[in-house]
Structure formats: C-alpha cells, structure tokens
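The same chain A turns up in both complexes below, where it pairs with chain B and then with chain C.
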Partner chain A sequence: MTELLQIQDVRKTFGIRSSFLGRKKDLVAVEGISLRIPKGRTLGLVGESGSGKSTLANMVTGMLAPTSGQVLIDGQPVHDQKGKVALRGESGAQIVFQDPYSSLNPRMPVAQLLAEPLKVAPKVLMPEREQRVNELLDQVGLPRSARQKYPHEFSGGQRQRIVIARALARRPRLLVCDEPVSALDVSVQSQILNLLKDLQDELGLTYLFIGHGLESVGFMSDEIAVMYLGRIVEQGPAHQVLADPVHPYTQALISSSEAIPFHAGGTVELTGEIPSPLNPPSGCVFRTRCPLVTDICAEAVPALTPRSESRMAACHRR
Partner chain B sequence: MAESTTMSASGTGSVEPAPAKSFSQRSWRSKLRRVPLSGWIGLVLVGVPAVVAIFAPLLMPHSPTEIDPTRALLPPIGMEGYQPGHLLGTDNLGRDLLSRLIEGARISLLIGVLSVVLAGSIGLTVGLAAGYYSKWIDALLMRFVDALLAIPSILLILVILGVLDPGMWTLIFVLGITNWVIYARQIRAEVLELRERQFIRAAQNFGVSGPTILLRHLTPNVMPSFIVLSTLSVATVIVTESGLSFLGLGVQPPDISWGLMLTTGRDYLATAWWISTLPGLAITFTVLGILLLGDWLRDALDPRLAVGR
Partner chain C sequence: MSEPLLKIQNLQVSATRSSAKLPVVDGASLSIERGERVALVGESGSGKSVTCFSAMGLLPESLQVTDGSIRYQGSELTALGAEKLRRLRGPEIAMIYQEPLTSLNPLLTIGAQLKEAAGRAKAGRREILEMLDRVGFADPPRILRQRPHELSGGMRQRVMIAMALVGRPKLLLADEPTTALDVTIQSQVLKLMYDLSYDLDTAVLIVSHDLSVVRKLADTVHVMYAGQVVESGPVKEVLATPRHPYTQALLDSAPHMGDTRDRLESIPGIVPTPDQWDQGCRFRSRCPLATEQCEQRPPKVEEDDRASMCWHIDRLVARQQEAAV
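Up next, the complex of A and B:
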C-alpha cells in the first residue's frame, strides 16, 4: 500500500522571549515525529491540549513550516526550500476546524462560502462553480435551499457540514480534521463522524483525525498515535491500542474515558498538569505524572521502539 | 438527519418548499418595510437638508447675500414685528435667514460628508493594513498614528490653515487628514481580533491572497463600527467647522455655512436670538438624523439581525 502522507522526523520550535530583555528560549512544540498514513486510511492523533497536535496539523496543511524534517503528501514536499507552501488545492491537505462558529465568515451566504476555494487560481469558472457548489451541498447532506442562507441560520452540526463541504471543494485527497466534533452537541457528533466516514468511502479520502477524546478517535481511526508534550508515546492499530495500551499515559487516557471499558491492571489516574514545553522534564517527559515512574526515567529519554509486529511505544518498562 | 429539522421545518410539505426567505432573497420592498421608526426619522432628518442643499437655488426666496440695512434684525413668523417675505426673519445686515440656511446646508453637508469620506478611506486602509500585515508595518503605521494623536488636532488644524488659504476645500482636506487616526486605531484593533478567527485562517489555507482577504473577509466585518464612527464624525466635523469659522479660519464670507451663521449671531443673542438659534437647530437635527440613520444602516447590513423577524 502506498502512503499518501509521510511525516519525516518533523521538529518545530518557537522562539519565545519571556521578558523584554530576557534571552530567547526555544519552545519545542513538536519533537522528532515520524508518521505515515496509507491512502484511504485514517490516522487518529490523541493527546491533551498542549501536546502539539494542532502544531503538527498546521505543518501538514502548510500553515506552519517545520524547523527541521519534512512533510510529504503523495511524495511531494508540502513546503519548499524557503518554508513557503508548495502544495495547494487538490494536491495539498485541507483542514476541518474545531469550531464551526468561528470558521465561517458570518457575512457570507453559503454559496459564496463554498465557492471561495474555487476562486483561487486555477479558478473554476462560473457555470462549473455553481454546479460544484450544488454537488458539495448534496455530498454533505444539506438542501440546495441552503445556498442563500447565512451561517447563523444553521445549527452547529449543519455549520460543520458547511465547513466540511468547503474543505472538499478543491477535491483534496487528504483531510486534516482538527477535533471536528468537540464543539458540537453529543447527539450531533455521531452524525458528523458518520458523514466523514461515508465521505471517506465515497471519495477515497485519507484522514488525519485529531481529537482529545478517545471515543471519536477510536471510532474513526485505523491507526492511533498518542502524543504527549510534542512526542509520540504510543502508536499502533486502533483496536489494539484501545484494548491493550502499553504506555501508562495511554492507559490513563483510556481509563479516564467512560465509553471504553478498560480492564488491564485496574484504573490509572493522572494527577497534575501537562508540564510547560518551555521547561520539559529531563529523561522521559511523562515521568512527572507517571504512576509507574522509576529512577531510569529521569535519566534517559525512552525511544519509540517496536513492541510487537505493528505497535510502538516509548517507555522504559518492558 | 435530526439536526436539519430546524431548517426544513420552516418549509413544510411541497416539493420545492418556500422557507422563510433569507436576507439576500428579500425584495427591496420587503426590506423597506422592515425599516424601524428611528430609521425613518433619520431618513427624513437627513433627507430634507440633503434635498434642500441640492435644489438650493430653486428654493431660496431671496439672495442669501443681499444686504438691506432697513430690514435688519426682523424676527421670524409668529413674533411681534414679523414682516411677510422673511419667513425666518433676517440677520444683523438684513439678509434673509431662510435663504441663508438653505445655502448654508450645501457647504455644511458637503464639508461633513466629504471630510468623513476622506478620513474614513485613509483610516480604513491604514487600519486594515496595520492589523493584517506584518509586525513592523503595524509598528510603523501605529507609531505614526500615535505621533499624530500626540499633537492636539486643533493645533494641527490651525497650523495647516495658517499655511493654506482658508476656504471650503481646505477645510475638507484639513478635517479629513486630522480625523483618520481614530478610524485607523479602531479598525486595526478589530482586525487584530478577526485575523485570529478560523475563517481567516481557512481562507489563507485555500491560498486566498492578502488583499482579497482584506476586501472580502475583513472589510465587511469591520463595517458596523466603521459606520458608527463615520456618523459620529460627521456630527463632530460639522461642529468643528463652526468652531473654525468662529475663529475666522473656516468658511470665508461671502460663502455661508451653518457654523459661520452660528457665530455671526453671537453678538445679538440677547436681542435677536433667532440668528444663531436657527442654524444651531439645523445642525442639531441633521446630526441627530445622521446618527439614527447610521444606527439603522449598521443593523441592516448585519445578516444576523436582519433575518428571522
């Protein structure tokens, strides 16, 4: 199977000046991540806020240039040598944002919102543009009468349908979904997730699906990667990771989720907050909150090593 | 698709339902029907002086500059000593007040509107650019704005008027280039907030160019405050103009503006109050009308407020 998305040892740091005359410090948002998604599949990315998920997503869509490493979509680098976006339209990735309320311009009717990506060079001209807008509305299950309405006339779920339709306008093959349902009512969440699944089957889309809850990610994904403080701590096929998590952080995430029963070794509870990425702990970044911490954890950074045929984890415990 | 019930509920039954029409689908007639009372009042209060200003030569009963000392200080209708032919009385030189008010409407409104158009377009451009583009363009433009704000505007006006010949066009220019800073600051602040919204990021992600984002996304979203600022400025500009005319730096006789009339009547306030009171009332009602009109316009341009009632 060929990979549509390849993330190769990507690192992203931001220079932060803590005070006016202070020295610049590097905030490491993403540290040496490699991932690949085969065509037509979904990779789920899980982690708390501040774990670097969105930074990674922004590098895939081209909004941010990686400090080192590179992102390839179908073998083509997303950024050129100068860090400018090289892939646009169908060859690049499109993104579905978290909040459908702020991701639609309140002063544009739906037809105009959906047509906007089509007006960027190479332009899609008028009769075809009109057709494409109708096609998009059909695809996401909105009536044609929605064309002339404004975003505020829709519910959150309908708005997210508009956002998805707009992301699909240029027929991208890769869609980044940045927590697409976390701002929606629970009753609507499953409808949007099902829509995304249907669209994937229909159009052969590849998803990078980001979430902070395991329920939606588990439902959507073929494979799951768990992020903590800019690093991947565990990775593997979705059903295996959920049924038998290796890393204590994954275990804690699963035991905190009510929808997924967790049996391996009782519950694991997390205490405290995610540490500041400006001041990460030495050794294993998770050791400050790990219930199973030992001496070696403070000394050496655990590498992401294979645990079985298809799984990897970064933990000193065997 | 349970979530779509809210939308399809409005159009029940038939194949092609006729749901509650959205803003852009409504006819102009039904839009007009939705103009609130305050909007109508504003329309009348602005419309009357505007029409009067346009047709001024046809409406004036006398020449506004004709001096007749024998008919000086005549009172308006309804007062003792009223003389037919001078409906609103005369001023200290015997000039017909009604004719002067009509002629003054032209210059006062022209100054108010044109200087606001000038200030607004400079301010909007600078504000959008400073808010959207890189940090150092922002810093450069905003330090310039700060520098301008540090100089009292009346001082700046006096300096410029001291160099240029006073008159209507100079006044429009001066009021325009001293007032744009308030637009620039307000609009920059709003753009800074809007630019972080996801719909702007989405547009960038599609590859929409900077100028297009400014025009298509940011400008419509800063319009409400732009309109409010503009209407407020028309009001202040008309008042500032009267102040400058009082200092002899504004409109020069024989040109007439309401501000100039206001100041010429000040010596006669005790004996012939109508000379300054009438242009004062004209200013007050016009400004009130502009404010009401602006309020309505702001709401009418907002699709969120215009639909569903």
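Up next, the complex of A and C:
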C-alpha cells in the first residue's frame, strides 16, 4: 500500500524568553514523531490541549517548518531545505478549522469565499472558477442559492460545510481536520461527520483527523495515535486501541469519556493537569499523573515499541 | 408535600422587537428540590440558557419574562425588585459560567475577587481558604495572590466554583461549566461539583448540550427544544428509554465508544427559529414519526415521574422494543 502522508522523526521547538531580557529557553512542542497514512485512509490524533496535536497539524499543512525531520506528502517534502513551503495547491494539504464562525471572512459572499483559493497561482480562470464553485456547493450539500449569501446568514453546521468546500477547492488529496465538529451542536455534528465520510469515499481523500473527543475520532479513524506532551504514547488500529488500550494515559482518556454516573461509582481517572512543556518531567512525561508509576519512570524515557503486529506503545510498566 | 426549592412554571421569555413580541422560551416548567441535581439539555437556540438566566434575574435588557412564574422558596422572583434580587445572589443562589476567563476580572487578584463574593455572603478569610482547599488547590494562600492569566482553564473554573460556593448557597446554576475544558479536566470539575453539592446539600441546575455530562452528574433531566421542555424525568430512565423522538434522535446521533456503525443517524434539517414556531409540535419537520396530527398542539403525557410532549409515544416505544429484539 502506498503512503500519502509520511511524517519522519519530526521535532519542533520554539525559543521562549521568560522575560524581556531573560535567557532564551527551548520549548519542545513536538518530539520525535513518525507517522504514516495510506492513501484514502484516516489517522485520528487525540490528546489534551497542550499535547502538540495542532503543532503537528501545522507542520503538515506547511504553516510551520519542523526544527528537524521532515513531512512528505506523496513522497514530496512539504518544506524545502530552507524551511520554505514547497508544496502548494493540489499537491499540499488543506485544513478544516475548528470554529466555522471565525474562519470565514464575514464580508465575503460564499461564491467569493470559495473562489478565493482558486485565484492563487496556478490560477484557475473565470468561467471554470464559476463552475468549480457550483461543483463544490453540490459536493458539500449546499444549495446554489447560497452563492450570494454571507456567512452570518448560515447556521454553524452550514458554515462548516462552507469551510469544507473551501478546503476542497484546490482538489487536495490530504485534508487535515482540526477538531472540525467540537464547536457544533450534537445533531449537526453527526451530519458533518457523515459528510466527511462521504467525501472520502467519493474523492478518495486521506484525512488527518484531530480531536479531543475519543468517540468522534474513533468513529472516523482507521488508525489512532495518542499524544501526550509532544510525544506519541500509543498508536494502532482504532478499534483495537479503544477496546484494549495499552498505555495508562489512553486508558484514562477512555474512561473519562465513558459516562458512568458519579452516584453509581463513576470516578475521575486522571488527577492534575498536563505539565508545562517548558519544564517537562524527566523520564516518562506522563509519570506525574500515572497510576502505575515506579522509580524507572523518572529515570528513562520509554521508547515507542511494537506491542503486536500493528500496535505500538511507550510505557515501562505495560 | 412542601414546596420545592425552585419552581419554574409555564415560563415565557420574549424578545421585544419593534413592538412585536417574539417568545424565545415558551411555556417551560421545572422544579428543583433541595440538594437535587437537575440538568437542562438542548441545542443552541433551545432556550436552555435563557431559562437558567431568568432564574437568576439576569436577563439582558432585550429579553423579558412575559408570562409564568419563578418561585424560590415560596417567594415570586419575577415580582422582586432589583435590590432584593441582588441580595439573593451569592448567599442563596450562585452561578458559574461557561468561559471562566471572561467571567473573572483580569486586573484583580483571585483573593480580591473571592473576598468580594465572600463579603456578600458574610464569609471570612478562613472560609475562603477552606473553600480553595476543598476545590483542590494545594496552596490556597498562594492562589489568593495570583491573577486569572496565571491559572489554567481547569484551575480558573475551580476558582469560579469556589467563588460561587463560598457563601454556601442553596442553589447553584451552572451554564455549560465544562464545555471549554479538556475531557479529563471536564470530569474532574464535574466530580468536584457533584461532591460539593452532595456535602453542602446544594441543589444544582446544570445547563449542557452534552448528554455524557448529564449522565455523570444529574439525577433529573429536562430536554428542551425550540423554547419548550419536551421531555422530563430521571436521567437513567430518560436516556435509556426516551419518550420523545427528539431525545431519541440526540442519543442516536452521537458516536459512542466502540461504535461499529459506518454512518451516524443524523437529524435532518435545522432547529426552527422563533418566528417559525406554531401551536403544533416544533420537532415535526425533522421527526421520523411525524404525521398530520403533529400540526396540532402535542399533549403532555405524564407517567409516574416522567413527562413528555408527543403524539406518538406508543410508536416510539414500539420502535425501541423492535430495536432491542
């Protein structure tokens, strides 16, 4: 099987100054991540805020250049040697943002919003551009009459359809979906998830699907990777990871998503919060919140090792 | 039977737009007993937050209570003057909001803000420190000196809870208190609310769009749709065997753990806006069970402690039994 997206040992650090004259310190946002997504499949990325999911997504779309390692789409590097974006238009990835309220220009009618990406080089000329806008509206299930309307005239779900249509305008093969349904109402969430699945079947799209809700990520994905403080702690086929998690963090995420009533003995699995990436714990980054922690966890960083044919996890204790 | 702590009856809240009245909450009723945890679920525009805000007397100027009553411990809140209402807020009824960052003053220390809240409820420094310890801060005196931007989202929401509960109110209103938080922090904050409500015998009215939040925390649930309460009852029963097609549709449309479905059930169309509301069932344009009968006002069917507004409960139940086999 051919891989459309390959992420090879990617690391991203940001220089942070604690005060105006303070010394520069490296914040490691993403550390040594390797992932691949075969053509037409979906990889789900889960983790709390601060786990580095969005930084990774930004490196795939080209908005950030990795400090080391590289991201390849269909064998082509996203960034050139100097860290400039090398892939554009249909050869690069496009992104569907979380909040359809802030990601659409309120002063542009839909037709213009959708035509905008087509005006960037290589430019699509006018009659064809018009035709493409109609085609996009059909694909995401919006009426042609939407063309002249402005974003405020649409509900949240319809706006997210516009955002998806805009992402599809340049006919990308890879779509990064950054929490595409978390800002939407429950009944609308399912419409958008179904739409994304239909588009994948129809157009043969490949998805990197990011979310913090395990239920929707599990529903969408073939494979799941769980991130914690910039690292992947567990990875494998979605149904296997959710049914039988190896890493204690994955386990904790799953049980916080399961709704057992407190009066029936439901408990809180994870105490405390994700540590600051400016001051990460030594050894295993999860050890400060881990129920299984022992001495070794503070000493050595656990490697991501194979656990069965298709699964990997990074834990000393499991 | 004694009167419940809070009793909202047939509440109508309307927006006045160029002399025309447009109801946004239309005949909502619910009651809360002392120490009870009640959830109000619904989608945006269902009127759940407005219902919650009107119990606090905190409606924006554009909205007015135009009918119905809100009774708190036997006294009518809608008839109470602004000053008397203000005296209830804090010591009797407290509130926490969705976005803890915008509800805290960024310029003041946590201590100053807590002191203000405590002063209204005649609580002192000792109570403040106790409450901060209770909501899980390791070093309460340090938190008092910090400002909101120094805290994470989960910590800010803990501060909000401490601020709301420092006066030991009898009723806590919470408007989507965990929506802005991560799943793991969400369940910490909910557990905290549950424990405190249990220990202090504080009743909670939680507004949420998330059924898993409701399932974890609440004893009783009211499902709102287009300004009306369409179904009420004990959480366990309502979520297991809903008596309104809307509740059923909400349950079916959410993906769950270990979902093997290839597609999700989705509710077609969108929620009707207030100017489209009529006498008939407001869910009928999106309901799989709808018939012509649904154009008439749906009956309120009550059975034990459950109630729902639907013409076709029998067919819904038959469907559930079919699916179970």
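Everything that follows uses one rule, which is that the second predicted complex is superposed on the first by the 307 of 318 C-alpha atoms of A that agree within 3 Å, B and C clash if a C-alpha of one lies under 4 Å from a C-alpha of the other, contacts with A are read in each partner's own complex, and residues count from 1 in each chain.
As a convention for this text, contacts are C-beta pairs under 8 Å (C-beta built on N, C-alpha and C of every residue); 3 or more make two chains touch, one makes a residue touch a chain.
From a predicted model like this one, the values you see are computed outputs, not experimental measurements.
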item	value
First (chain B), second (chain C), both or neither touched by A:L214	second
First, second, both or neither for A:Q191, with chain B first and chain C second	both
Contacts of A:S256 with chain B and chain C, given as first, second, both or neither	second
Contacts of A:G157 with chain B and chain C, given as first, second, both or neither	both
Which of chain B and chain C A:K25 touches, first, second, both or neither	neither
First, second, both or neither for A:A243, with chain B first and chain C second	second
First (chain B), second (chain C), both or neither touched by A:E273	second
Partner chain(s) touched by A:S102 [first = chain B, second = chain C, both, neither]	first
Intersection of chain A interface sets (partners chain B, chain C)	155, 157-158, 187-188, 191
Complex contact set, residues of chain B against chain A	1-4, 6-8, 11, 17, 19, 22-25, 197-199, 201-208, 216-217, 220-221, 302-304, 307-308
Residues of chain C that touch chain A when the two form their complex	43-44, 152-155, 182-188, 190-191, 194-195, 209-213, 215-217, 219, 235-236, 249-250, 253-267, 270
List of chain A residues in touch with chain B within their complex	61-63, 85, 88-89, 94-95, 97-99, 102-109, 116-117, 119-121, 141-143, 145-146, 148-150, 152-155, 157-158, 163, 166, 170, 187-188, 191
Chain C contact footprint on chain A (complex, rising order)	48-49, 155-158, 185-191, 193-194, 197, 212-216, 218-219, 239, 242-243, 252-254, 256-263, 266-271, 273
